[in-house]
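Chain naming follows the written order as A, B, C and D, and within any one chain the residues start at number 1.
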Amino acid sequence: MIEKLASLLVLVPVLPLLAAAAIAVTKRPHRQRASTLAIGAMGLSCLIAVSAFLAIAGAPEERLVRNFDWLHIGNTTIQLGWMLDPLSAAMAAMVSFVGLLIFIFSKGYMAHDENYTRFFGFLALFGAAMLGLVIANSLLLLFICWELVGLASYLLIGFWFHKPEAAAAAKKAFITTRVGDMGLLLGMVWLHAATGTLTFYTEGGEGCLQAGALDSLGAAGLTARLIAPATLIALLLFCGAAGKSGQVPLHVWLPDAMEGPTPVSALIHAATMVAAGVFLMARVFPLLEVGAAMHGESHSVVTPALTVITWVGAFTALFAAFIAVAQNDIKRILAYSTVSQLGYMFLGLGAGGVAVGMFHLLTHAFFKALLFLGAGSVIHGCHEEQDIRYMGGVRRWMPVTFATYAVGMMALSGVPLFFSGFWSKDEILHAAHGWPVSHIPFLMGSLGAVLTAFYMTRQVCYVFFGPQRSREGADHGKAAHPHESPRVMTMPLVILATFAVGLGIFGTPAWPWAQSFLEGEHAHLAFGHLFSGEVLAVMGTSLVCVAFGIGAGWWFYGRQPISSAARPDALEERFTPVFVALKNRLYVDELYEATVIRFNALAARFFDVVDRWILGGAVAVIGYLVVGFAWIGRFLEDHGVNAGFDLGCRGIRRGAGAGAALQDGRVHNYLRALGIGFATLLLLMTWGCH
Amino acid sequence: MGFVFPLIATLTVLGAVGAMSFRKSIHAALSLVVALLGIAVTYLGLGAEFIALVQVLVYVGAVAILVVFVMQLTRSEGGQGEGMAVRPAALGVGTAGLVCGGLISCVVLLPDFRTPWPEKADVGLARLGEALTGDYVVALEGIGLLLTVAIIGAVLIALKRPNKEETPE
Amino acid sequence: MNALDQLFVSLKQWLVGLFPTSLQLGVSVFVSAAAIVGVYAGLFAITTWLERKGLARLQNRMGPNRVGPFGLLQPMADGIKALIKEDIIPQRADRLVHTLAPIVAVVPAILALAVIPVGQNMVAVDLAAGMVFFFAMGGVKEIGVFMAGWGSRNTYSLLGSMRGIAQMISYEMPLVLSALVVVMAVGSLSLVDIVNAQAGYHAGILARWNVFTPWGLGGFLLFMVAATAESNRTPFDLPEGESEIIAGHMLEYSGFKYALFFLGEYMGLFAVSGLAITLFLGGWHAPFSFLAWIPSWMWFFGKLVCFIALFIWLRGTLPRLRADQLMEFAYKFMVPMVLVNLVAVALWHFTAGWTFLGGGLLRWVLCAALLFLPFLGLARLVSKRPHRIQRVYRFAE
Amino acid sequence: MAPLHQYLLLSALLFGIGLAGVLTRRNGLITLMGIELMLNAANLNFIAFWRHSPNPEAIEGVLLTMFAIGVAAAEVAVGLALVIAIYRRYRSVNLDEVDQLKG
């Protein structure tokens, strides 16, 4: 059964791709057909993915590989393929399920948008690309889908291209991810050069992530003494992941990406695409482990690559959390929260291994999608209003949205016991705590948890509590207070909420099913494990952090409701300079503006000058030289050759004239010449031979 | 009999000079006949009797007549005032003299010509005939072909083509 | 018998014997020359008489009978007349050419006679290539005709000489080729050999003359036609053509030179007839064995007289040919026939071996047929009414 | 029988005269006659040398002369035809006028 499903797995990305193609062809009036096509395709691939997930759940140590020869160039053949193993199955199931829900949500959200078909076409394309990336067994295929996903995000962010900010944001997203992808590409090329193949796993065992290739990577390589090539390749791949998942240096594009429609943000910038970076690191984890010194009881390995990842993750988590506190746009807060959560995932991956990172990714996908869709329905309800200062008291008009949003908030901030967020974050903090290298990431993680809880409570107070603060004289004169979204939008919220809660059960320390599944072992119930001292300590600290965060949040914003939009933020009154800095996103954009872009402009101007003056000059010089030579040639031609030739011809003609005179047609002259010749011959003969 | 050759020789030379110098071309033709007859007699003197007869038959009988005939046809027998221009004449005679001098110098200076006449078997006509039709039959056929072609060619060249426009441009 | 036969030969030897040896060669030459000139001149006289008498009789008139009995002295009278008559040379004539013409006309004719074997070992000059000598002299004669015609600066004489030359040249080839037939049969160019080849008698009676062979007969007839043309006699006497251009090239001549021309003409006649006799009629051989006792030279001169009679007869009866008919006849009839004759003699030569029963007869019939059939074809070709080109009369513009 | 070199002298003289005539006279016919003379001079040489050759059997000289005469006859025939054609074309036999074949 599992063999057949492995073969069927290829349909999972292909179906949405076909749907995208079909949608691309359908005309605008048949808009309904586009959405049904997309949702149908996603539903089918979700069905296959989930059944494959259930099949492999029973045998986590399985890894089924299907490879095929894609290209024959000379004597090298490039292989692509897909595979079914716990990691890919889990991701495929999550992506397809969340995608399906978001498709259904956006059917309502985008109902009266005239580019409806184009939207669903792009969504289907994105789904196909993401699913393809997830099940890819070759880094090349993964890279192809990676680029497609980047393309889809660009198209969807810039969906309302008539808005200049959206177009600029799409460009910014695309370019920054591309900077990261350069690293990925270099890593890929180096990997292929070193191991000769890009396929992860093959039956014969020559895959680049399999033992043979890893040993060669570890030992060989020009920099064997200093840093193993594997580490360098891993770091290069990490650049790509950082770009795509919005880690610190390359995170600037993610908040701006909120210009796209909310379901897009939900699907791409919360659940799936941003997770691709983490998934990539999980997929190439064996590469990261090369040359690791095994120590520490929690079988966590420490290698330079993993250390780097851990530090970057921790720093991003804290940094983004700080900025999220001071944002006023509902989606921007969630964006920064996603950046910080991704930081947590990388922290977990770096410190605790694949399972820890991936489990948080899965839980985060659900509750962040939930939060985004909730924000979407709030915006939809408040007549496209995105600034939280002009909302307020929404709970009275949108009870379902408020309820599901509250669940999502609590899961995100890690309220203990019921919510999946607590367990997955706890795992990360536990791994960070046990990290032999240093304790600082653990402290950063805890502080981040406090801040997460704080800005989420701030957001909820602003949006759902307090008086309704709509803009003065709402320009479109509709009924001033918001209305609840239709069922097609609220139903996915409810489902996501149940998952946000339910998923936690699979990841508790007592029964770490998800972690072991991802590690490829069978889980076994062990309540005793729950109460071991060290675990309890970590759970305690995280509990304290969350409580402190929510308390502070309520204290600042919950006590006296925010009466008017104009009033400055509570926090702002006390720590205005810090708050203003945070509001301006710590001037990172300005920093880039000042450094990278100016440098780029400078370099462009410099090269322009170089090009125009030096190269242009050289070309001009050559041109002039050639023209000069041509002139000389022509001069020589006219005066030298032609003149000479004419002279020669005139001479010949004159000479010929003389010659012609000899032949004047008179027989006598000829005969006379003959006679003379004969006489001389005769004389020569007679006298000559004596 | 010794006097026969010089007489005949002078006669021939006179005929030849006359042939070349008579103003009236008919006289020139007739003096040519005299020269040719002189040569024929010389052949007789040399014992080549058949050749002499052939000479007379061909040259005197046919060639001379033809020349005279053509003179009539081209109305140039009068030799109207076509006197020799001095310069080319001098030049012509000069060259001829040069050539003739060369030949004579060869004859006079090369000593081995002075040996006496060997006894020669009279060349019977029969032997001549056998040689002609034996070893030299190809030459004979060649001469036959040549003469035929010459006749046809001469007739064609001299044929008065009705449509060809005669008057020179 | 032999004595009579060799009468003249022994006479000559006797005469030569009279002189010292050093002179003998000169004397013998002189004697033979004198003999030839004398005999043929006498014959000339007789022929003139015979001709005028014969023609007259043919034309049913008396002919010369005033001068001597039966006009026999008429030639003498003509001779004296010729000598006495004033010798006029046209004023604008080319004196040298005019005076030389008769000589050039007569001398070759006489020389030609020297080669003809008159009797048994009675031949003036026995050349190995006697035949060639004969035709060479014929060639020289033409020049004489031309000189006469041109020398007298008279259009008619010029026209006459042109016609004469054209005719003589045209008929020279058939004459030579028909004579050639005999040479091929006999295998030698010497007339004496040819006559000796005709010695002996068929079946003891009939002489082995060439004329009795098919090619011989054909050759003889062709030779006779060409001969009459060559000597400008009757059917071909276009050059004189008394009626049109009054004696052609001899127009401006009078007196002795005119007589010389006549002498030349008759000498030519005698030479050609003599050659005909030598080639085809067995020279001085008797026709039948039983008549062999008559001396050889009598046979020769008898036949000669017969020929002369024949010519005179021809002159009396046949009309004159037109110039184009003459030329056409020469080239369209005579030349092809003569070539056929050559083929016939070749066939005769190669079928010499047919000695079986009817071999000789068959051989004769075959060769005759080979000759006769082309004769019919050519005769029809020549006698066909020539296609008259439509005459176009254009009025003078 | 005069000694050989006299014959050779005679033929050389004839040849010279013929050549002189050919070179000087402008009349086409005289030129042809000149050429005939030169040919005859050559034939005379042949016969002289034939007669002078020690080999009694040799007849090549005579044969060559016969062929030479044959060729000369053919040459005269064609020459005269040309003269006639030239006359018909140029209305004169003066070779100097016949100079169209010039460079």
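Simple rule for what comes next: a residue touches a chain if its C-beta (ideal position, glycine included) is under 8 Å from a C-beta of that chain, and two chains touch if they have at least 3 such contacts.
Since the structure is predicted, the reported quantities are computational estimates derived from the model, not experimental observations.
Participant: Would you pick out the chains that touch chain A and also touch chain C?
Facilitator: B
Participant: Imagine chain A is simply missing while all the others stay put: what groups of chains do you get?
Facilitator: Leave chain A aside; others remain one piece.
Participant: So using the touch definition from the top, which pair is joined by more C-beta contacts, B-D or A-B?
Facilitator: B-D
Participant: Whose C-alpha centre lies nearest the centre of all protein C-alpha atoms?
Facilitator: Of all chains shown, the one whose C-alpha centre lies nearest the global C-alpha mean is D.
Participant: In whole angstrom, what separates the CA-based centres of chain B and chain D?
Facilitator: The computed centroid separation for chain B versus chain D comes out at 5 Å.
Participant: Chain A to chain B: how many Å between their CA centres?
Facilitator: 118
Participant: Roughly how far is chain A from chain D, going centre to centre by Cα mean, in whole Å?
Facilitator: Roughly 113 Å separates the two chain centres.
Participant: Once you find the CA centre of chain C and the CA centre of chain D, what distance in Å lies between them?
Facilitator: About 33 Å, centre to centre.
Participant: Could you check chain D for residues that touch two or more other chains and list them?
Facilitator: Residues 19, 22-24, 26 of chain D each touch two or more of the other chains.
Participant: Residues of chain C that touch two or more other chains: which are they?
Facilitator: Expected reply: no residues.
Participant: What residues in chain A touch two or more of the other chains?
Facilitator: If we look for residues of chain A contacting two or more partner chains, we find 668, 672, 675.
Participant: Among all the chains shown, which pairs meet the touch rule set out at the top?
Facilitator: Chain pairs that touch: A-B, A-D, B-C, B-D.
Participant: Considering only the defined contacts, which chain B positions touch chain A in the complex?
Facilitator: These residues of chain B touch chain A: 88, 91-92, 95-96, 98-99, 101-103, 105-106, 109-110.
Participant: Okay, in this complex, where on chain D does chain B touch?
Facilitator: Interface residues on the chain D side: 1-10, 12-30, 32-34, 36-37, 40, 43-44, 47-48, 50-54, 56-57, 59, 61-63, 65-67, 69-78, 80-85, 87-94.
Participant: Spell out the part of chain D that touches chain A in their complex, as residue ranges.
Facilitator: Answer in residue numbers: 19, 22-24, 26, 31, 95-96, 98-103.
Participant: Would you pull the chain A residues touching chain D in the complex into a rising list?
Facilitator: 656, 659-668, 671-672, 675
Participant: In their complex, what parts of chain B are in touch with chain D?
Facilitator: Where chain B meets chain D, its residues are 2, 5-6, 9, 12-13, 16-17, 19-21, 25, 28-29, 32, 35-36, 39, 42-43, 45-48, 50-51, 54-55, 58-59, 62-63, 66-67, 69-71, 73-74, 76, 79, 82, 84, 88-89, 91-93, 95-97, 99-100, 103-104, 107-108, 113-121, 123, 127-128, 131-132, 136, 139, 143, 146-147, 149-151, 153-158, 160, 166-168.
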